[in-house]
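There are two complexes below, and they share chain A, which is joined by chain B in the first and by chain C in the second.
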Partner chain A sequence: MVGSKSRKRLLELLVFAGPAVLLIFIAAELPFLMSIYYSMTKWNGISKHITFTGLRNFRELFTDDSTFFPSLWFTFKYTFFNVIATNVAAILLALGLSKALKTANVLRAVFFVPNIVSLVVIGFVWKFIFSLGTTSLYEATGWGFLEWSWLGSIKLAFSSVLMVSVWQAVGFYMMIYITGLSSIPDDINEAAELDGARGFRKFFAITLPLLMPSFTVAMFMSLANSLKVFDIIYTLTFGGPGDSTRSLSLDIYTEAFVNNRYGYATAKSIVFVLIVLIITVVQVKFFKSKEVEA
Partner chain B sequence: MTRKRRNLIIVEIVLLVIACLFVYPFLLVVINSLKPYAEVMTDVIALPKAWEFENYKQVWQLMDYPKLFGNTLFVTVVSIAGIVLFGSMAAYKLVRTKSWLSTLLFFVCIAPMMLPFQSFMITLIKLSKNLHLMNSLPGLTFIYWGLGCPLAVFLFHGFIKSIPFELEESATIDGCSPYRTFFSIIFPIMKPVTATVVILNVMWIWNDFLLPLIMLNGNQATLQLAAYQFFGQYKSEWQFALAAVVLTTLPPVIFFLIMQKNIMKGMVAGAVKG
Partner chain C sequence: MSRFKRFGSLALAATLTVGLLSACGSSNKDEAAGDGNKDVTISILQYAPEMSDALHAMTDAYTKEHPNVKFDITIHQDDYFTLLKTRINSGDVPDIFMTGAYNDISTYQDYSYDMTNEPFMKNIVDTAKTGVTLDGKVLGFPLVLQAHSFIYNKDLFAQAGITELPKTLSELDAAAQKLKDKGITAFANGYKEWWVLEQTFTQTMAPVGGDYQQLFADINDKKKKVSDIPDAMNIFDLLDITTKYGNAKPLETDFNTQVSLFAQGKAAMMHQGTWAEDAVLKLNPNIKMGFLAGPVGTDPAKAGLMVDSNITYRANKDSKNLQEVLKFFDWMTTSEAGKNFIPVGTKQISTVAGAPFPEAQLANETNEFLKNGVTYPWVKGYWPDGYEQQAGQILQKYLAGALDRDGAKAELDKTWNKLVDAKQ
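Let's look at the complex of A and B:
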């Protein structure tokens, strides 16, 4: 028996939550479910003709694909160095900027600014710096490294992409760590100093363990964002020179929208989502187990 | 004490030097956007001989800046209005209803937070074609509603849990309809979390590139898309491209200067809770 009151409550629930549920389902979940089906088809994106091919796309992906594994390797390498460099730089900046400096607020804003600029623009700005800027700076200073071809050589392009990524994101992670540092109670810091813990010792024995919750969040976000890296590479190198900076996201994008192999690209995206999910879940589990209470 | 002070001053100086290096690329962009072509090519680091806004005048017209600005503003504002409205309404009822259905719906709402966009973007395009959402700004906005709602629902949900139930109870006893209770009592209380949601989404939608790139199919409809195409088109005429960089970046920078503290706090809060 459904009373009129409970029917009214159900109606209210649907009126309030219905639009959001429907919108989310259409924009994300339905396409994701479709992806699972289309990953088992041959489909060029334009024609109505879609052939079901079972697991053939996945077999091709693992045995006969010239770009997938290099992209995977690049993405892992990029993620590894980017996560470490970004977090180390962010922690160092946060340690400095959580001290009683006169210009602390201005400095925080300065380091944060690249986060509010679009990645398309960031990519272009650095293209400009790497092509014209470095030449002029070399003429002015004579420092040899400024003369190198930062985007043109396979060896250097990786470092350039990495450097721009760290430069762009560091301010955001810095703020996460500043928030974390400010939540460490003063008496703990004072007690540590009274016991003679200073500098490195204090950092590794006191600050870092108490910073673990911020660390978990920052690691999770930088890891997930690195694995998904797209815009900055799209505008800075478009995967070049030679496919040396081709990330998984870019590989999926080109497979679909440049090579018009939509079905096959969907299969790649399914493998991609599994990789991202497994890595991030393992990472969060690992770091959560290391957190301590103040 | 003096040693400690001296250390502080050293830290401050080191950080100031790093900060100068840090913003130097932006400085070079602004300087060179004010130079004629020949000066850009001969010396990038020199200041312009005469401060001229000729490049800006040209780019303003070449890019059709006012139209693009209007388009981007439309997409950003309408998307965010929808995300805040639908997200907060859903979160409210999902917190206040205790049933298996509301648990299920909550899960449906937040599950996409785990899915990388690249894993469903290809089929999203197919679906958008079938629903006639492609190549249109309202269509793009519709998709932003769906993509923005999961985080909004999640953040509102967390906040509403902390609002005492008694507040609504007395309103209901006074004969207030559930819709009025929400809009005149609950919604105003949620200001801090609404601010976080708005800020996160402004930064995301105004600067987003990939979704407009694949949904607007080469049409130069948003600032980011136009800027990207502009960079390609005027590859060798740096002075124009750099002026375009400044014009594209100026709106978010002004927004940032006005609400600096809120933005830095909001973006971090959104991340930590998300």
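Let's look at the complex of A and C:
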């Protein structure tokens, strides 16, 4: 017989966690399990005939795919620069805006605003700025860099996409760091200053180690978000010119909805999930080990 | 990609949702309220937003005559096919949905009603039926006849003293030079849109003539290659001419920008189709424009206009409103309001025999070509799924300088084979 106490606990668990678990199962786990099946089929996403092909999709993916690995490489490159640029910019902003400035609150809001606008809207706004905005500005000023084809040349398109995504995301990470900074006890700061630590030294010896929990969170999120970048590229360049800014998620999308190869696209997404899983787990483990107690 | 939610358990669930918020879509299902005797709501899902006003006017007219029939219309441009596939896969197939012809006919065959023996099919001109017929079965209702090629501004051509319209690539180059001498940009290039490039590409491919079915079957069987079609490979010369005399930043110029450059008289030509007329006229009601027979090489006789019917309505064969849908289609080909929908409402050429002719410059030009000129079908109907966009993107890479001609040719061949293999 189970004791009434533990039965009560079980009931509590079911009542409180049950609905959430059920919903997550239906909305996330079930589709994932179904994806595993679809990844082993040949299906155009529409037809009523689905052919089971075993591991053929995966074999093609690793031996005969001309877009997956370039897209993977683009995604890694984008992630690398995006994570660094976003976090450095966010820490700098956080440091600046956690000072007792009169305008600090206004500025925090200003930097945060791009984050609450939908990425699709941001994509369209920046597309306009890059193509028509800069052209008009060039006609008015004659400054050469405004004449560049920001989204139309292969070299610049990458930096343009990167710039917009940093601009969009920085406010959010700034808030994480500001929260982290405000949780560093004043006495530690004062003690450090009494010991003569200032400027860079204080930042690297005191602030940064104590900021590690925020850093773990911010790094994890920016990493995961960069790896699965989609909306901003979709609206800004649609992977172009050519396929020079095609991220992996866009490649999967193209395979499923343009090439009508739903099964194959699902196989790609399964591989992609594994890649993201490994990277993020390693990253979180690594940064967790670096955290220190105040 | 909700799979990443799993990580939410790392004490981040709340903050992570911020990032997921941006990806929402909605579709509302308007079911007929109460299934009384005959009350039905026919759902229509389609692209082509330029038809919006005309479509509503037509369905309102139908509802007036048949008060028990109402319509639930959803028009969606970007991403249309993603939405359609999602609706189909969730079991929410619209009663009427729009697709292209040719390849799309076979892609969506499992859901399409076979209209071969429906009486209204007799009212549709035969030229429009090729693209909607699969193994002898008519699986779609072809809506409009559309045409594309270079559209030119007649006044600007006159200003530059071009009296003879160019029909070969060297004549095109010479005409563009004349325009340039007058300080006029010759081409508005909307090469941000892969479909503009793909349409330009089909225009150089179509003049090969002969038995298209056989040609593309040979390419599918790897007996021939896309790059073996000599006319088609003139695409590179053609693109070079358009960019040499074209607007700045062609790879950033989308359809709207391209049309506005042309409409404002900032460029004398653009590669576009009949669907662009309305947009041009909204910006500049006084413009006089016409179609060039698209120059594709050295032979003036090969220059022609691409005319086809590539927009079709499909009836969902499992719909509970199927009979009402068929009645509606029949009405579209027999009643005044139905026949006027395309030519009067959208100013395009109807596929219904006996429908009035649109009062539109490009439609008139198309009609001229159909009577006395050279016209070609849209050969992309024979291409494998996905090749339209991929070919457009390969040409973008060529224009951006990431591929040279040989590289682009190799890529065009390779992509074709890959997409064909994927089908088998």
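By our rule, the second predicted complex is superposed on the first by the 267 of 294 C-alpha atoms of A that agree within 3 Å, B and C clash if a C-alpha of one lies under 4 Å from a C-alpha of the other, contacts with A are read in each partner's own complex, and residues count from 1 in each chain.
One rule holds in what follows: a residue touches a chain if its C-beta (ideal position, glycine included) is under 8 Å from a C-beta of that chain, and two chains touch if they have at least 3 such contacts.
Just so you know, these numbers come straight off a predicted model, no measurement behind them.
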Given the touch rule stated above, what does A:S165 touch, chain B (first), chain C (second), both, or neither?
neither
Where does A:N44 make contact in the superposed view: on chain B (first), on chain C (second), on both, or on neither?
second
Give one of first, second, both or neither to describe whether A:T135 is in contact with chain B, with chain C, with both, or with none.
both
Between chain B (first) and chain C (second), which does A:A17 come into contact with in this model arrangement: first, second, both, or neither?
first
Is A:D231 contacted by the first partner chain B, the second partner chain C, both or neither?
both
Between chain B and chain C, the one with more contact residues on chain A is chain B
Would you sort A:T86 into first (chain B), second (chain C), both or neither based on which partner it touches?
neither
Would you sort A:T245 into first (chain B), second (chain C), both or neither based on which partner it touches?
neither
Mind working out whether A:F32 is in touch with chain B, chain C, both or neither, as first, second, both or neither?
both
Which of the two partners, first being chain B and second being chain C, lies in contact with A:T266: first, second, both, or neither?
first
Once the two structures are fitted together, what part of chain A is touched by chain B and by chain C alike?
24, 27-28, 31-32, 45, 115, 118-120, 132, 135, 172, 217, 221, 224, 228, 230-231, 249, 257, 269, 273, 276
Chain B to chain A touching residues, read off their complex
8, 11-12, 14-16, 19, 22-23, 25-26, 28-29, 32, 40-41, 43-46, 82, 86-87, 89-90, 92-94, 97, 101-102, 105, 108-109, 111-112, 114-127, 131, 142-143, 145-147, 149-150, 153, 178, 182, 203, 206-210, 214, 224, 227-228, 231, 238, 241-242, 245, 248-249, 252-253, 255-256, 260, 263-264, 267-268, 271-272
Chain A-touching residues of chain C, taken from the complex the two chains share:
1-7, 10, 12, 15-16, 18-19, 21-23, 81-82, 85, 88-89, 107-111, 192, 194, 248-254, 257, 385-386, 389-390, 393-394, 396-397, 399-403, 414-415, 418-419, 422
State the interface residues of chain A toward chain C in the complex, per the touch definition above.
24, 27-28, 31-32, 44-49, 64, 66, 115, 118-120, 130-132, 135, 147, 149-154, 172, 217, 220-221, 224-225, 228, 230-231, 238-244, 249, 254, 257-261, 264, 269, 273, 276, 280, 284
Provide the residue numbers of chain A that touch chain B in the complex, in ascending order.
9-10, 12-13, 16-21, 23-32, 34-35, 38, 45, 93, 96-97, 99-103, 107-113, 115-121, 124-129, 132-133, 135-137, 139-140, 167, 172, 175-176, 179, 214, 217, 221, 224, 227-228, 230-231, 234-235, 248-249, 252-253, 256-257, 262, 265-266, 269-270, 272-273, 276-277
